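Two complexes, one shared chain (subunit A), two partners (subunit B, subunit C).
Let's look at the complex of A and B:
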């Protein structure tokens, strides 16, 4: 297990290094003077000279890369040239908003999805099972930002049940502001998780420990809820870890639609003002988050199911 | 050729027998039909402005109303389908071709090349798609081509991994070993013997991938980072609708429903195709 963990994190580290390098080279590969591009229309000779020295652009590319990694290891993603604040500070200030949104979406969609999936598996091939399956497919098919827009239209603008803009102040107000965006992000996950749990539940129900539990005369409800479901929800953990990238992507749209603060809003605002250090910093942080959560999901999976440790 | 055509006929027949598959076929067929014949279907020029009739609700003249520039929403929705397919089809087929080639090389080639390609796939997958797209658009600037390239790059690993797994399983099968012992070249083994066995699975994957691509194109256009303004993309419709959500809900509905319908159609079709094409499931029938 330790060996597997080391190997898996080694791979994660390698991927991160390649990804960061690719991104670094991408910025450098853009035709034109990088300082000019970064500063855009606001380039003054003093600013240009300062940034050139700061980014060590007068050095050869490999040396720039070494300096870049040196700074990165110290948690330094550069300075926002316009506000003079550190990019790391700016990104980490926005990150919690996005993480709460993602957490909220996971909690409601996993709860409902597991419930639906378990119910469908306990009553296979009944009308309810089929209806759940059809609804699941339809939910999976709904892109988060379209759901966000339509729910904004219906629940915020027309019915005015929930606020349309912002993140709110204080616990209950924040929660109230979280409802619609979390609904939009989570909706497609409900169906996905329901189908996953149904499939894994049906598999688990055929295993011998369930037969044994039934033979002992334990009532069916307890067999399903306690003995089968406990094992059947394991794949959900992996899927959520691997799905972190999708959740982040959906969060970007939800934040724009509901005008919430967060990583997505930060990136989009930075693109429109052509503030490249912040764009790159946000992409780096979110990529790191995604790589780590995928690795964690694999580890949890390997810890729960020893067979996964040897597979590739 | 006749053999493969009858096989194709069998697959279509199989899909049409499944109610969800039939629904998928109908929806996808309608979208493709509208996209191909868009020029004859639209009642108005989708980019022609008519300030006098701006922000109208649905009426006999304008089925889905008009936007802030007086453009007919229905015409823009129909034309938007054409834009969506113009992005989705090249992106999906491009990604499939590249992923297939790289995946087969990874599965059949030497171990070090396999490791290298897998690292390449894993790296691309490690960027959250939208974040990656945003980074590229920020650097290169928004355009239809940028969207196609970004979408293609992000979906290559999916095809590559599946093609690799398929190649690995086929690699030691008897007919490949026989061919190899007779001295067939790698090109012949991969092109003539492996390819037909892999392409079916990838086609299913492609059908299920199209909705993701359509949604990504619409999403980028919604953020103002996809196709450029006068072009009637579904995402651009949503962008206009979002800023005018209190005045005219028709734009959001007109841009949102086709995306959901297209996604549903291709997903149904893909799932049904998978059931028909997957040999294991076919034997059970």
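Let's look at the complex of A and C:
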């Protein structure tokens, strides 16, 4: 298990390096002089030259990359051109908001989705199963930004149950601010996870080892909850791990619609202003988040499934 | 009170399907006595699996019991409430399934699974573990204590089947159902498993209902044989009787087709031409008629009854009736 974990995290690191390098090169390929856009048309040539040198933009691209990685190893993501603050500070200030949003969405949608799916699988082809299926499909079909706008309109503007904008102060207020955005981006996941769990569960319940467990008179609840669910949950864990990446992108919508601080909003704002250091910093953190969550999903699977541990 | 353990009495089972009722079992009758080994032979799809899942009542939801009884120690299992039925499973009646690679839960250790199936025992966890290790030893798994911590995929197919046998015998059942336990294994392992089963049967003194399509194994192991075809019993009796003097053309053909019985070198192995009839749309008369080279007009008109030919030998074929000669 330990060996597996080490190998898995080694792989994660490799993926991270490749992703960050590609991102670094891509952003350099965007046309237009970044210094001119950042400083505006009225900046003096001296100022432009100073910023160019500061950002090392006068160096060849490979050298820029080396400098970037050198700084990165020291935890330095550069300096924000506009505020002069450390990018690391800015990004880590925004990160918790996005992290809570994603975790909140995943927790409620996975809990409900797994529950619905397992229930539907235990009562296949009944009315309840059909209703669950209809609900799931309509949830999956609802785009996060539409749900965000509608829920904002209904629950914040008309009913005024929840606050419309911002992230709030203090634990309860923050939680209160989290409800609508987490609802908006988690909704389609409820449907998706429910469908997945149902299919996976039905497949496992049809396997011979379940028949064996029943043939030994093991009680049905244990058969379903331990013998079947532990196997049926494996693909769901993987999907949730990968889903963190999709949630990161839906978080952008939610953060814009609800005017929440967060990584997504930070990225959008800094791309429009060509604020390279911030874009790089937030993309790096998002990529890291994604890579870590998929690696974690694999580790959880390896812990649940002994076959995955020993596979090659 | 006789020493009959299991009596299948005129059992008929249908599967409800979109095409209509599939008559999977029709009028099945036979019994298993205490400590006896009874073999059930037949091609795939002849209803062997439906029969054993009916005995344990672990049937698919679309199964309908149309008539008959499954009496175990005189009690009709088909009428028992589910809770009482569950008390029997893995206690008085145990089963070893066909495919050892699929029979254990892949994510739980063998030890955990062997503890779980002792859920009725009041013994301490340590005692249950010791009992599990002892059973693994009894079926010839080396170093059983250490291997309890291992998972199914860390064992070979032959070992997994021996573990399945150990699990089935752990409760010292009165009846062990073995559903083609050696079909998925290679020939040398098959012999080992059969020998082990014979030894254990002596030791635990349980009856075995042994399902197979391998006639050699049946001849080796069983006291009596039931031959099934397309959901019906067509011949049953003492193992020697059946093999030396089969009274149903199907049994005869089955023996001819057994590779162990073929004396001459042949390029093509003998087969029985034709196909098993459609169970949803059964023709009238004898079910084997279309594939039988001795079919007579009467075979199309009437279903031959499973008639007693002599003590302990039954067959369902018009050829055995006096009128056939005329």
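Quick note on the criterion: the second predicted complex is superposed on the first by the 247 of 312 C-alpha atoms of A that agree within 3 Å, B and C clash if a C-alpha of one lies under 4 Å from a C-alpha of the other, contacts with A are read in each partner's own complex, and residues count from 1 in each chain.
In this text, a contact is a pair of C-beta atoms (placed from the backbone, for glycine too) under 8 Å apart; a residue touches a chain by one contact, two chains touch by 3 or more.
Values in this document were obtained by computation on a predicted structure and should not be read as measured data.
In the superposed model, A:69 makes contact with neither subunit B nor subunit C. In the superposed model, A:304 makes contact with subunit C only, not with subunit B.
In the superposition on chain A, A:280 makes contact with subunit B only, not with subunit C.
When both complexes are overlaid on chain A, the residue A:138 reaches subunit B alone and has no touch with subunit C.
Contacts of A:26 after superposition on the shared chain: subunit B is touched, whereas subunit C is not. In the superposed model, A:231 lies in contact with subunit C only, and not with subunit B. In the superposition on chain A, contact of A:214 is made with subunit C only, not with subunit B.
With both complexes placed on chain A, subunit A has more residues touched by B than by the other of subunit B and subunit C.
In the overlay built on the shared chain, the residue A:252 is in contact with subunit B alone; subunit C does not reach it. The intersection of subunit A residues touching subunit B with those touching subunit C, taken from the two complexes, is empty.
Touching subunit A in their complex are the following residues of subunit C: 56, 58, 86-91, 94-95, 97, 99, 102-109, 116-117, 119-120, 151, 153-154, 164, 167. In the complex of the two chains, the subunit A residues touching subunit C come out as 207-209, 211-219, 222, 226-227, 230-231, 304-307, 310.
The residues of subunit A lying in touch with subunit B in their complex are 11, 14-16, 18-19, 22-23, 26-27, 30, 37, 134, 137-138, 140-143, 145-146, 149-150, 152-153, 157-158, 244-246, 248-249, 252-253, 256-257, 267-268, 270-272, 274, 276, 279-280, 282-283, 286-287, 290-291, 294. Against subunit A, the residues of subunit B that register as touching in their complex are 20, 119, 122-123, 125-132, 134-140, 211, 215, 218-219, 222-225, 238, 241-242, 245-246, 249, 252-253, 256, 259-260, 263-264, 267-268, 271.
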